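Structure below; questions to follow.
Labels run A, B and C following the written order; every chain starts at residue 1.
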Amino acid sequence: MNLFTDAVIAALILTNLRLIASSRISACIYAVACQGVLLGVLPLLVGPQHLTVRACALSAATVMLKGFFFPWLLLRALRSVSVRREMEPLVGYTLSLIIGAVLLATAMWFGRQLPLPVPARSPMVLPLAMFTIMVGLFAIVSRRKALTQVLGYLVMENGIYAFGLAFALSEPSLVELGILLDAFMAVFVMGITIFHISREFDHMDTDRLSALRD
Amino acid sequence: MTMIALLVLLPIFAGLAALVVRSDPFRRSILLAAALAHVALTGYAWVYRPAAAFSGWLLLDDLGLLFLAIVSFLFLAAAFYAVGYFKKENWGERQDFAEDFLFTNAREATFTCCLLLFLAMMSLVCLSQDFGLLWVAVEATTLASAPLIYFHRHRRSLEATWKYLMICSVGIALALLGNFCLAVAATLGPDKSVPMLVSSLVANAGLLHPLWLKVAFLFLVVGYGTKLGLAPMHTWLPDAHSEAPSMVSALLSGALLNCAFLAVLRILQVCMAAGQGQFGQKILLVLGLLSMALAAVFIVAQTDFKRMLAYSSIEHMGILSLAVGLGGAAYFGALFHAVNHSLTKGMLFLVAGNILSAYKTKSAPDVRGASKLLPVSGVLWVAGFLAITGSPPFGPFLSELIILKSALDQGRFVVAAAFLFLLAVIFVGMAAIVLRMFQGTPEQAGNALAPDGSVVSSSESAFAVIPPLVLGLAVLVLGVYLPPALKGLIAHAARAIGG
Amino acid sequence: MNYGRLALPVLALALAPLLPGIINRTKAVIAGRKGQPLFQLYFDLAKLLRKGAVYSHTTSLVFRAGPVVGLISAAAVLLVLPLGGAAAPVTFSADLIFLAYLLGLMRFFTVIAALDTGSAFEAMGASREVQFSALAEPVLLMALAAIALAGQSSGSPLHGLPFCLSVIYSRLSLATWMHSGPALLMVAGALWVVFLAENSRIPFDDPNTHLELTMIHEVMVLDHGGPDFAMILYGASLKMWTLGALLAGLIVPVRTGNSFLDAGACVLGLFVLAVLTGVVESVMARLRLTRVPQLLVSAGFLSTFALALIIWS
């Protein structure tokens, strides 16, 4: 196995760990930024042996968007809303870590069970993808700040991207660009909504958004 | 090629134009003109079916055309209604009638732009044949419609917008995972795979990896099912539908839900061709019944009439899912019911908007005497109620009958009995709410009175009445006479799914 | 038993008290002080051994047994402890569990001796010690298991006893690092956390404070004096040597086949580790007590993940 690929994948998993163990929103944003950069580089490592212009361009776009632009947008949103910067999660940090370990074990076990029609590029990419998706979902349900839910959404999206990488699935470029554009718009619209929420309610705790119910 | 591209590009350009135009009347006429042009284009495309464009990615097949026609027609009604709504709307800062805080509206230009972009993206959903592009379009509808829900800038609509954005985005992200699984299923060898087009997947269905196809179906149904409002994933729907302005609710319920349904039908099409139909249908059947049961429970205890309509939408999406789950002749019933539901629900939401603006409350017990205060809307409200609950002689009666008949023909008596029982419960629940609003006198409703206690006579403007009236007449006509052109289209579309 | 290898425990017994000296000297240099001599602990031990002990009326035999059993356990561990590629005098299969349990025995006697005083203050420290070591012990075992499997999977010939520390460490080489570097790096991180936590260093505990409510280890030994306290200090330094040797053996993959060279490299690594600890203590503050379990669980996550990575890839 390629040592370098292995290191990148391990680092990606550690960014997930950082996301669920950190108590500061800004630290989480940086973790997601690292994840974006690493994920952008990953296709060049596990992808086809020869580098194509298209792969490089997509990789660069991913790094720019997921590694720099989204975090910048979220940090700006964080600065513009004067909320407390602690996470105040619904599930404690230590318990989150233990849940993370269980999720990782599940992902690794499950990643081995799936029958693959084509051999995956690296045996660790599939567990990585599943773990990242699960961590994203976990962050969405266990963190109460609107901003951290967006982070969870981004991490989940990253996991799905990694899943596509695991099989070196090549969607047509147009679709891949469309997916990136959608992610961009989603973060943009969510950012605006968060701004409105914090202005309207003086907080962004989504568990306190409970006016609408039956 | 130009035809197909125009269906998407026209609303986009109109939307961008609406963003920069400063004069209100001009912008409103752009909206109306774009809606009219879209209907005209759709009608033209119905008669002279355009060829595939962009190497088969965009194609107007029977299924797509049917849903495009619904979207286009409903959008025209909503656009017409919107013009009247804009005229009547107080654009300054004002007090919320439920919670007494001050709020303003979004800018009309932004709102109109988003409305048109929403139309463009829904058209794209109907046209796309590639699963990736379909996903991009469905996610884009979420993003285009989120600002529409946050038109009245206050806390409740903000909460609804956030839930809508977050839940649908996460759901749609799962659908993306489903797409990747589908791509894995379609991978035949190291450098060989079936293209992700509906037609080529259906043609090469036998080659697809069965297990991965099942996984893909599950993720896609959960993902698009979130958008569709199927039972365990429905939580965003009542909030978004009740807080959005009425024409947006009408579009969300009548057009957007159908688009999500179309996405589910596309993957079911592939599953049926691959011989995995049984598996998918079982899931859809269970989800459908669950949605109906849940809607019944919440309708019976409902006090908010817009939420009641929202739950009714969940019920009808349940019916569609159930019908597709039954298969056979029920495919025809499902597609016919999709048409009926869109028209009826569009009409009901528009009427609900009229009632809301006259009574200034969404609470059903506070609305009395609609027959006297709003003669036309009141009658339409009751007619819409009868139609949506499946009473003759309206269209939904026929389509629900077809679905029931095919359940009985297949010998699924338990499903048929549950279906009938839930319909009956919902009929009773809605009747109690709707009829009470219709009867009585306006004096019994506090909010509709002027400060001196007299009844404020509110004349119903043509913009507010004609769109629901036209939609209602269409539902009535469909119940009495099904035009051969529409019947042929539905039958062809049903055959395409596998029925 | 190979009598030539007895040099390793003897080396440990002689050099272990040097480690706290190095740490303190590093801190002093960074703080710009002159600092205490390198051999301060030796002087302290000599001084304490000359003193008599005072025992409270409320204590029993358990209180007196604590330091003795602790020191004996710490010394016994040295018999199975390899220094890098140099094998320990005693080797048997799965002796890494023997190591972990001797450390556990040492902790147990320290704890019951502390409880025996009947002081609520010492009991509180005991409670914390038990809580944190309960989290640290699985990390240690996981990390050692990961190292064992890493050596196996890199293709080194399978010989000797399974899960025997000496075999594990002799098999670990530069080739193992080339093969599963990221996983071993994570194991090293986890062991580093265990090293700091078990030896009551910053960021888990502050060895300089003696009267603070948040301290962990030092609070338990407040009532010991004279030779008893000397045994405790000496035992603690042996424990630091043990855990340090496990870490140094991992991060210094010098395997020449010559036991003297290998052991020398490992001892050098140990001293570097002590300097690093001093640096950490100079630049970091103690963690809030509630964050300590979180860091330990993170280390557990790291070692588990490394183990999974080694097993499955």
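Everything that follows uses one rule, which is that a contact is a pair of C-beta atoms (placed from the backbone, for glycine too) under 8 Å apart; a residue touches a chain by one contact, two chains touch by 3 or more.
Computed from a prediction, not measured in an experiment: that's the story for all the values here.
Centroid analysis (C-alpha atoms only) places C farthest from chain A.
The chain occupying the central position, as judged from C-alpha centroids, is A. More C-beta pairs touch across the A-B interface than across any other pair of chains. Centre-to-centre spacing of chain B and chain C amounts to 66 Å, using the average Cα coordinate of each chain. Centre to centre, using the average C-alpha position, chain A and chain B are separated by 31 Å. Inter-chain spacing, taken between the CA centroids of chain A and chain C, is 37 Å. Multi-chain contact residues, meaning those touching two or more other chains, do not occur anywhere in chain B. Residue ranges of chain B in contact with chain A, taken from their complex: 130, 132-133, 135-136, 139-140, 142-143, 146-147, 150, 153-156, 158-163, 165-166, 169-170, 173, 176-177, 180, 183-185, 187-190, 196, 209, 211-212, 238-239, 242-243, 298, 301-302, 307. By the touch criterion stated above, chain C contacts chain A in their complex at residues 178-183, 186, 293-294, 297-298, 300-301, 304-305, 308-309, 312-313. Residues 115-118, 133, 137, 140, 146, 149, 153, 156-157, 160, 163-164, 167, 169, 171-172, 174-175, 178-179, 181-182, 185-186, 189-190, 193, 196-197, 200-201, 206, 209-212, 214 of chain A touch chain B in their complex.
Chain A makes touch with chain C in their complex at residues 1, 3, 6-7, 9-11, 13, 17, 21, 93-94, 97-98, 100-101, 104-105, 108, 112, 123-124, 127.
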